[in-house]
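Common to both upcoming complexes is subunit A, partnered first by subunit B, then by subunit C.
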Partner chain A sequence: MDKRILIIDDASLVRLYYRDALQRAGYSVDEAMNGLEALEKLLVTPADLLLVDINMPKMDGLTFLKSLRRQPMPLAATPAIVVSTEAAPQDVEAARRAGGNFYLVKPLTQDTLTRYVGLCCGIKS
Partner chain B sequence: MDDPPPVTTDEFRRLCEFLYRRTGMVFKEDKRYYVERRIRERIRATGSTSFTSYFARLRSDFRGEAEKLVNAFTVNETFFYREDHQLRCLTTDLLAKRIAAKPRGDPLLIWSVPCATGEEPYSIAIWLLEHWPEVDAYDVEIVGSDIDTQVLEVAREGIFGKRALIRLSPELIAKYFVPIDENSWRIIPELRQSVRFSSANLMDTAEMRAHGRFDVIFCRNVLIYFDESSRRIAAENLYENLVPGGYICLGHTESMSRISPLFEVCRFSDAIVYQRPLEGP
Partner chain C sequence: MNEFLKQFLIEGRELVEQATEDLLALEEAPDNRAELDNVFRGFHTLKGLAGIVEFAAMSRVLHAAEDRLAAVRSGERSVTGELVTDLLFSLDQVAQWLDELEREDRLPMVPDAAAAALVARFQTTAPETPATTAMVRTEQADWIEGLLSDHPQGREQGGVAVRYRPEPDCFFRHIDPVALIAQLPDLRAIRLVPNDPWPPLQELDPFACNLTVTALTGGTLGQVADQLHGVAGRVEIQALDPARSWRPTALSPEAMAILEEQLLLVSDPAEEGFDGRLGSAGRISTNVLRYMGWAAEAQKLQHGLDKSLALGRAEPFAGVLRQLLSRGSDEAAAIEPDKLSFLRSDEIAVRALRVEVERIDALVRLAGELTVAKNALGHVSRLAKEGATPETIATLLSDQYALLDRCVQQLQHSLLGIRLVPMRHVFRRFPKLVREMAAHLGKSARLVTEGAATEVDKAVVDALSEPLLHVLRNAVDHGIEPTMQRAASGKSAVATVWLRAARDGEQIVVEVEDDGAGIDTAELRRVAEARGIAAADEIAAMTQDEITELIFVPGLSTAASVSDVSGRGVGMDAVRSAIARLGGQVEVETRPGAGTRVRFRVPFTVLMSQVLTLEAGGQVFGIPMEIVVETVRLPRDRIMRVGAAEAFVLRNRTIPLINLPHALGLARDPLDDSYAQVVITAGAGQFAAFEVDRFGDHLEIMLKPVDGLLSGLPGIAGTTLLGDGRVLIVLDIPELLN
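After this line comes the complex of A and B, so read on.
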């Protein structure tokens, strides 16, 4: 499997936790600390799937997704899982409107994360 | 250069008095060899001709000598996963209690003070990743502080020898460290980024306040070096550095009940820790 996942989260412990799970499951993983860094990385190297936190400094997850969806194709169509501690219906709806394809609520076990990432990558292929 | 002359009893006392005022650490006659060795080391390192000339240099803090002397006196030997029963207590009991009152996504602050070369704060980070299912649901901030500025530099570098890793399994070492050579390993960048280091003097009330308040403080095996009144000052400072309901873990031979009445004793299955009451002075 040569799927490339980009983890976008400002907390280094969280990035490390997700990266460990995904690498063990055979994915190649890159990381960004906020939306701005993620956009810069994606312009250079595209990803197959994005894991996007909402609350981040510099550029939050929702602003990032809106900006991503305005980019040229195929970058604009990169599937994104929003991963957040916010679980209210209006948060899920806001993420969907911003351009999120899927929504997962933290905390996630490493198994749950890899299972959903697998499903999402499967959907894309 | 010739060896400096032996330190007299009076000189030994003057130096101990200086250290006490500066750090709260107490050295008595039984530690004379330990103290003398370090004084002579500093006399030699500064090129001073006698204790008197060295002491003048120290008192005027010429070229930061006071800090260098304090650095020479702090005990910095530690290792990863030391007293791991307290780490177990952290993830099974303390954090569960702390987050009961916090919405997910909120900051959760953990302070390791003194942190020496960083083994303890990095151990906390590794332990949370390995054992705490909520690790991605809170904004965990781990801070390591020490009075010794040299060890903080080492901590930031994150390079460790074999002895420091002795309690870690080969799997954990492979996961969180990169080998540099046969005898040293460097902690991976994400772990280095997950701990913030700063200097702290437990006796300096104003400086301690500036560090803010934490949910859990690890302050292990340092108060044993203090005398009773310094211990009380340090304990009162630490109390102010805890949020109401926050916990402090001491070394297993230390007891807060003998130091200060401010804290409540909490017995958990893995450790005895002390809590700043939710409502208190």
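After this line comes the complex of A and C, so read on.
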């Protein structure tokens, strides 16, 4: 199927946890430690879906999403799921305003993650 | 009225309007396949609705119409003016039935002969097919799904699904429901379900039929309909198309959640990076649909997305998505009752406004912001109690004031937005009307509408309907020449009338233009003189424009003949005063031999009004700013008595002066002896001046229509609350003058 997911999170354990689940489900996975690194990677290799943490050094998730949506098409139209520990309505709203397509709250089981990633990529695993 | 009928009424009306529009578009482009499909789909869906509520006459008529359209689709027949007229006529009939349903609260009783007469319009050659009298459902229904889950071969093999709900007393009519169904050709499955749970044996009434029979046969629709002809009113028949994908899964709650979120994401076009949002929302949504096995829907959404990306706005993508969401929730049977009651309100269609989800969302957001502002005020009051300095309090208060001010403005803006409806609401009935009027007068005319999507306050749209009708009638009756005369002057035989709407700042410009003969100004001069409207030399001195203005003089008509379409050039004066009531103006332009254009300029909304406040007899009143020409401090010696009235001359114009406190029956305050405070107004085509005690402020207010006891009083346009809690009465000057 060859769908490429980019995990953007500063915590290496989180990245490992997601990568493990997604690779077992057959996705190809790449990682970035912050928004800036993610932008650099995306400019070179596009992704089918982004998993974006909010609190990250250098460039946080919301700033990243805002600048992503301002990039030229089709890069700007890369779907992005925000994954965050915050669950208050204003956080969800902020993520939407920044351009996030969906909001998942940590902690996340591997099953939940693959199910949503599957839905968003149109792939049943 | 039960829920089904209510929904039937709402959807039926929408479908009739849409089908009317599609039909007119088809007439413009008879070879356009897409338009034909639209029309066909419209009739088909309407017929389906009629079937659901078991409105046999309507089903019958629409079925016949649909047959004719099917013949056009298959190329056996072509789109003729006659066919369009017949189809329009049937839609008109349906609309009348719907009105009757609303009025009488039950399905109309349509005599068989009446329905047959309508059906006959569509049957020039082909006899009525047997299926006509059966209720044919269009949508996949629960009972079909139930049948297919027991007999899955029907999904692949196709065939015909039948549901028969015998009347309880059918046995006394010599009907054996099960035997009847058992005789169907190539019967593959039969299912008997009690309508009500079987009662205990001793209470069972063996003579009442308590069954619903569903069956699956390999016969054709025609065979089945033939066989069940005798019980047509109780039978539903649905052909199962094996090619059609029976949707395997409903949307899961997760899928719904993701799709809903995409709708929210694209609902705020003001945000930066809109293309990116839209594009990503599109990718995710189509993926979710594909995941759920809704491939066709995914494709449809993709089309919507492509269009939206090209246009740079959320529609039509958001519309398609909303539709899918509502369907998804229907099928998942996970309907939240609140959401549903919002869409299917108890109000009947005419009085209900359909509000787009994003407009509601904006209001919800505002409510949130207002709460924040409110809480901040509580905080300020605490600070004040704790002894904060007045400067600090003042700063905080003025910040909060600014915030509240912004919120209130946005709230007003959003509410106005909700009241906005496209001009289409009034435009859509006119093409048919123009055609019929012209036909009645032995002329041929077509109406071209432009700017039907222009959004206007609902009140304005409603109020424009009548004046527009007048002007259109005039155009067809008096503007357009008879066909022969048109031919003689080298014009096309079919006259064109344009109906245009456009937004111009805070105003809406609506115009009716025809390519007829133009207003006969020579005749107008002659009539004006004969009627003593003005002296002969005055009339001779008038410019063309001034002469044209004469059509607004009450009772003046140049129509050489009187017809029963518009009478004697029906009151352009009435049109002008109707438009003036909306705070608008009417302009007429005419070119001899080339046509006439009547243009209305009306405010975009009637809700927000600019008023000038003034004091009269010690009370404060408002008058609409749009009719105020100027305010003057007038030396009393310039006021002349004219009989019982007063007047004065200003810049060579004699203006009647009305003492406002007096006119309102209020005690007169002691006034300035040497000067009068006068406001000059222009409303309904005439100047008038009012003497007042003093002038107040210029305010922007939200005018509330008067209701209750006040509504009986003439001369009041509305009321609003002033900042100090007093009620400001806004006067309706044209009405006062009458």
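To be clear about the criterion, the second predicted complex is superposed on the first by the 122 of 125 C-alpha atoms of A that agree within 3 Å, B and C clash if a C-alpha of one lies under 4 Å from a C-alpha of the other, contacts with A are read in each partner's own complex, and residues count from 1 in each chain.
In the analysis below, a contact is a pair of C-beta atoms (placed from the backbone, for glycine too) under 8 Å apart; a residue touches a chain by one contact, two chains touch by 3 or more.
It should be emphasised that the depicted structure is a prediction, and the values quoted were computed from it without experimental measurement.
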item	value
Clash-or-fit label for the pair subunit B, subunit C on subunit A	fit
C-alpha centroid angle, subunit C to subunit B via subunit A, nearest 10°	150
First (subunit B), second (subunit C), both or neither touched by A:73	second
Partner chain in contact with A:86 - subunit B first, subunit C second, else both or neither	first
Touched partner set for A:108, first subunit B, second subunit C, both or neither	first
First, second, both or neither for A:55, with subunit B first and subunit C second	first
Partner chain in contact with A:18 - subunit B first, subunit C second, else both or neither	first
First, second, both or neither for A:121, with subunit B first and subunit C second	second
Comparing the two partners subunit B and subunit C, which touches a greater set of residues in subunit A	C
Least C-alpha distance (whole Å) that remains between subunit C and subunit B when both complexes are overlaid	21
Common interface positions of subunit A, toward subunit B and toward subunit C	none
Residues of subunit B that touch subunit A when the two form their complex	103-105, 125, 128-129, 133-140, 175, 188, 190-191, 193-194
Sites on subunit A touched by subunit C in the complex	66, 68-71, 73-74, 76-80, 96-97, 99-103, 115-116, 118-124
Parts of subunit C lying in touch with subunit A, wherever the complex brings them together	254-255, 257-258, 261-262, 264-265, 268, 271-284, 286-291, 298
Parts of subunit A lying in touch with subunit B, wherever the complex brings them together	11-20, 31, 55, 83-86, 106-109
